[in-house]
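Chain naming follows the written order as A, B, C and D, and within any one chain the residues start at number 1.
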Amino acid sequence: MGIIEYARTSIKENWSLFRRSRMGLLGLAILAFFAFLALLAPIPRLIDDMYHPMVGVDPEISYSTPPSLRHPMGTDFMGRDLLSQFLSGAQIAFAVGITAAVISVLIGTAIGLTSGYYGGKVDALLMRLADIVLVLPGLPFIIVIAAALGKMSIWIIVLLIALLGWPGVARVIRAQTLSLRERPFVEAARVAGAGDRRILLHHLAPNVLPLTFLYAALGVSGAILTEASLSFIGLGDPSVVSWGMMLQWAFTTGHTFRAPYWILPPGLAISLLSLSFYLVGRALEEIINPRLREP
Amino acid sequence: MSFFEIQGLRMHYATSRGRVKAIRGVDLKMDKGQALGLAGESGCGKTSLGLSILRLLPNNAHITRGRILFHGEDLLRKSEEEMRRIRWKYISMVFQSAMNALNPVYRVGDQIVEAILAHEDITKDEAKERVSELFSLVGLDPGRAGQYPHEYSGGMRQRAVIAMALACHPELLIADEPTTALDVIHQKQIIEKMDELREKLGMTMIYITHDIAIISETCDVMAVMYGGKIVESSKVRDLLRRPMHPYTQGLIRSIPPLHDSVGRLTSIEGEPPSLLSPPRGCSFNPRCAYSRDICRTSEPPLRQLNGGLVACHFAEEIPWP
Amino acid sequence: MYRYLLHRILQIAITMFLLIAMVFILFRVMPGDPASMVLDPKMPPEAKALMKKQLGLDEPIYSQFIIYMKNLLHGDLGRSFYYGRPVYDVIMERLPNTILLFTSATIISWGLGYALGKRIAWRRGTRFEHALTFMGLLFYSVFLPWFGLIMIWIFSYRLGLFPLGGMITPELWTAGGAGIIALVLDVLHHLALPLFVLTLLSFAGAMLLMRSSMLETLREDYILTARAKGLSEKVVRDKHAARNALLPMVTALALSLSFSMSGGVLTETVFSWPGLGKEIVSATLNYDYPLAQAAFIFLAAIVLMANLVADIIYAYLDPRIRY
Amino acid sequence: MALITTENLRKVFPVRKRLFGGQEYVTAVDDVSFKIHRREVFGLVGESGSGKTTCGRLLLRLLEPTSGSIYYDGVDITKLTGRELLSFRRRVQMIFQNPYESLNPRFTVYDSVAEPLIIQRIADGEERRRRVIEALERVRLTPAESLLRRYPHELSGGQRQRVAIARALVTEPDFVVADEPVSMLDVSIRAGILNLMLDLRDDLDLTMLFITHDLAVARYMCDRIAVMHKGRIVELGSKEDVIENPQHPYTRALLSSVPRLHSLSKT
């Protein structure tokens, strides 16, 4: 019984259900659009050095300009091209969002499965830990860590987001595991002589997989928003150009009310991309939880 | 004019996989004070029929044809508000999983008071007084009316649900598998209680169950549903003495008796039909030992035979036992 | 139930203790001179030495922690480098402002989320439901600081309807003579826009939660029974369905409080609202470590308190909880 | 000689722990001793909560008894570990109440039936496939090949229960615990499953523990019947004795509560 084979059949079946959700399709379309932009990100700097999102400066401009032929989205306060920054932002958003979500979902699933399956002291310990992390106010926590560290890198940010994100996943997976564990097919496997390893990997894991996917989709949105917030308040990684960073530059150089061409696109992009993952997540949720589905 | 009558009722659920034709033309007639047992397997449409009468079907259910006449008036033509007044006051119901029919966050007594006050212009104290009477009636300690459902045992909850169903002295009571979740000893007590109350209050009752034995102990008339239709109905005594439809016969043959030893039970081959795409002709034909060509093409009508009704082309020729 | 609450209070106290310990360790084990994290760089060397001794910085870490806890319990959180005042005083000034914004936004968005969530679930499949659900998701994913800036731009900068930021008009307060009503109105005037933004973003979460909780509840048999009893649609919806759907929502929302707090920090920053959230950001940017630590501890305390309140509400709402 | 002997079997479950108080316990099985002979169908009858299901699970070592011993073929199985436990598992199997739940929804029919063979490392490759098909044919699921790649939700209730039985019998066990195997099934297909189980008992020389709440089914299936009440066996005897001549008041109450198909007995 391969998980791959199961995945193949379940994707085929679920796609037909997913297709019926208009919001899910809209989310997928937005997501595909931004993924396409992220793929385009390296192109501008290949055309000309002045289009490098971080160090490229238009030699003829040293202030912010509105969109023009040369700079289709305008330039920032130093004369850097906003379009290439915007494309770089798309790349960063996907990288941060997906990595953070995948890490936290993996940790959460592993802990949830262990906790739910073994129960007892292991469970009590892990869940107390989850409770503590769960009530941590996320953003303030990352801020104090930033204060203690002095400087941030994008990978530390990803790691912190992931470390704050797992308890929610772990709780849901644990609850699911608890109910699965009592299902007769697990007992049937035990009668056949299956050990813990087999039960966890072959019987429980495939059955919590859909939930894992759902939480991964929702986690991406959260991670994108958190990274943007950190960059916006000036605690992001100064060596990468993200959408939040673009907004922070506009904000701190006093362009907030003067340069809509600069302010609007990154904020809109953050919101739309995180919306797209929520839409996809919601459509997945209706597939996974038939009780929510419209008859 | 009969007390209660269903004529040519058809209903389907619109689902993503297509139309589930849950009720495919049901006719039923009841006199006042009668107890009707509605037998059939899961998914044959008997619960849908109960819900149709009270018009409590989910939104994806569509009644496409037929009439439900109560005192000669068609319930399907009533406005939502008129229907609301009929519910519980005239027709009430005991649900399948009575265990969950009580709202966990309210006291049991209050939930009954609520039903009374929705229909009758009496004071809250009078309603509470009635709850005490109802509790004694169904054999519950009236002192427990102030407790929450989770403080009751399964059997007690069942009694409370019955007390609630009787709160407004309805003329017609629909009981949908009221004892399936209970142990036999409790089941016996509840069934006897309901029987006693029905006699005492002169209620008419529809008893929906898959257990023919329960029907044989409590009902006057019995109808057997299969594939969304009634395939046979008559007086319980007649029907059990000489079942005419091959499905009814098979059902009775496949139940092991408690006291007589049988050599071997005969089972009905195959599986109940899918209501998504019911078989052409007689819906029982794929499982029927007597099936011939006509059974696969033409649907047998429910017709008079030996004082009962049966929907089978060859009912006269099929032997019993 | 008292036992249950006692249990929860104990749990919260332990969590709080662990959080403080974590922050303490974090700031001591980070690379660099631990003293520089705690002591004001502007302080004269003699005073520094004295402080070092007072804070026990020359002693092993566990006794440092004991001293730290002792000081904390006495309200001694050190001095803010930036303000040059005791951290405790700064915190106490900011705390009520944060509580004002956070609690009012939380209450309004819960109320709104509850009222709308139950309605859209009840009218499942209608255009009304689709529109509101979509709108909810839209607000849920909007990037708050950016949205806040745009609101300021439109309503304050362009239309001049609200102040650009802050919590009060200083002239009004220093000049004297303004009546209490005028002062309250001034605060409300400043509160309106940040409150609106924070509410708009958190009501959606509550609404969507209420919607799914309600959809689950509507499948319960007691809902069918309530309808069969001939109760009016409104009674079935509000008294039977929504009342029960509230239970899982209280739990879920208690957990999402920390999420709202993140939104609160951003709102305060964008609207220059003089609260703990704005303070933690600026303290971090100013390398004002004692203030940043303390602001975090108090923000966490607010979230924990809100969780406790949610627990009490839950225990009150669910008769099955009688521990 | 008896295949299975239990002596003073007892199982106590801890129930909710109080914060400052002690632990509360409930006794599910209380001092139960019986023997099951080879090729016998032994019925365990009782209401929900009587301990009959716990008892079945104890016999298969799905639960550890609090005290008492269980001898299987003369060996005390409560002390088995590791390899010995695995080979014990090969000789015993279980059929569950709910066929909708006892098959992993993510497993195909082939995966489900083959799993015991994989775990026990009996046969692989073509041989494994042959055994799976043979097991499916034995429970009269034909043509077996066409079912191999189906998932449980594509099968009817009766088919699922047959797959579950095929899975239980694929390792050719000596002893099977059947826990209410027909109570979730429609009346019209129950008899088919019951008959199948009786046939398999004859063909494969099985010994069976048949757990049910339905006295009529017990009478049809079993050779001897034990009536359980509140964790104890209150009456044990041949099916005729227990049903026609009950001694214990509880058995009498149970029997008199069973609804009867009145007019049928006359025909």
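Everything that follows uses one rule, which is that a contact is a pair of C-beta atoms (placed from the backbone, for glycine too) under 8 Å apart; a residue touches a chain by one contact, two chains touch by 3 or more.
Because the structure is predicted, anything quoted here is derived from the model rather than measured.
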Greatest separation from chain D - chain, by CA centre: C
By mean Cα position, the chain sitting nearest the middle: A
Which of A-D and A-C has more C-beta contact pairs: A-C
Whole-Å gap separating chain A and chain C, where each centre is the average of the chain's CA atoms: 23
Euclidean distance of C-alpha centroids - chain C vs chain D, Å: 55
Chain A-chain D separation of Cα centroids, rounded to whole Å: 48
Rounded Å distance between chain B and chain C, as computed from the means of their C-alpha atoms: 54
Residues of chain C engaged with two or more neighbouring chains: 124-125
Contacts with two or more other chains, residues of chain B listed in rising order: 59
Chain A, residues touching no fewer than two other chains: none
Residues of chain A that touch chain C when the two form their complex: 23, 131-132, 134-141, 143-150, 168, 221, 225-226, 228-229, 232-235, 247, 251, 256-257, 263, 266-267, 270-272, 274-275, 277-279, 282, 285, 291-292, 294
Residue ranges of chain D touching chain A (in the complex, touch as defined): 60, 62, 85-86, 89-90, 92-94, 96-98, 101-108, 111, 115-116, 119-120, 151, 164, 167-168, 171
Parts of chain C lying in touch with chain A, wherever the complex brings them together: 11, 15, 18-19, 23, 26-27, 30, 32, 37, 124-125, 130, 133-134, 137-138, 140-147, 149-150, 152-153, 157, 212, 215-216, 219, 255, 257-259, 261-262, 265-266, 269, 277, 280-281, 283-285, 287, 289, 292-293, 295-296, 299-300, 303-304, 307
Sites on chain B touched by chain D in the complex: 41-42, 183-185, 187-188, 191, 210-214, 216-217, 236-237, 240-241, 247, 250-262, 264-269, 271-272, 321
Chain D contact footprint on chain A (complex, rising order): 1, 6, 9, 183-185, 187-194, 198, 202-203, 206-207
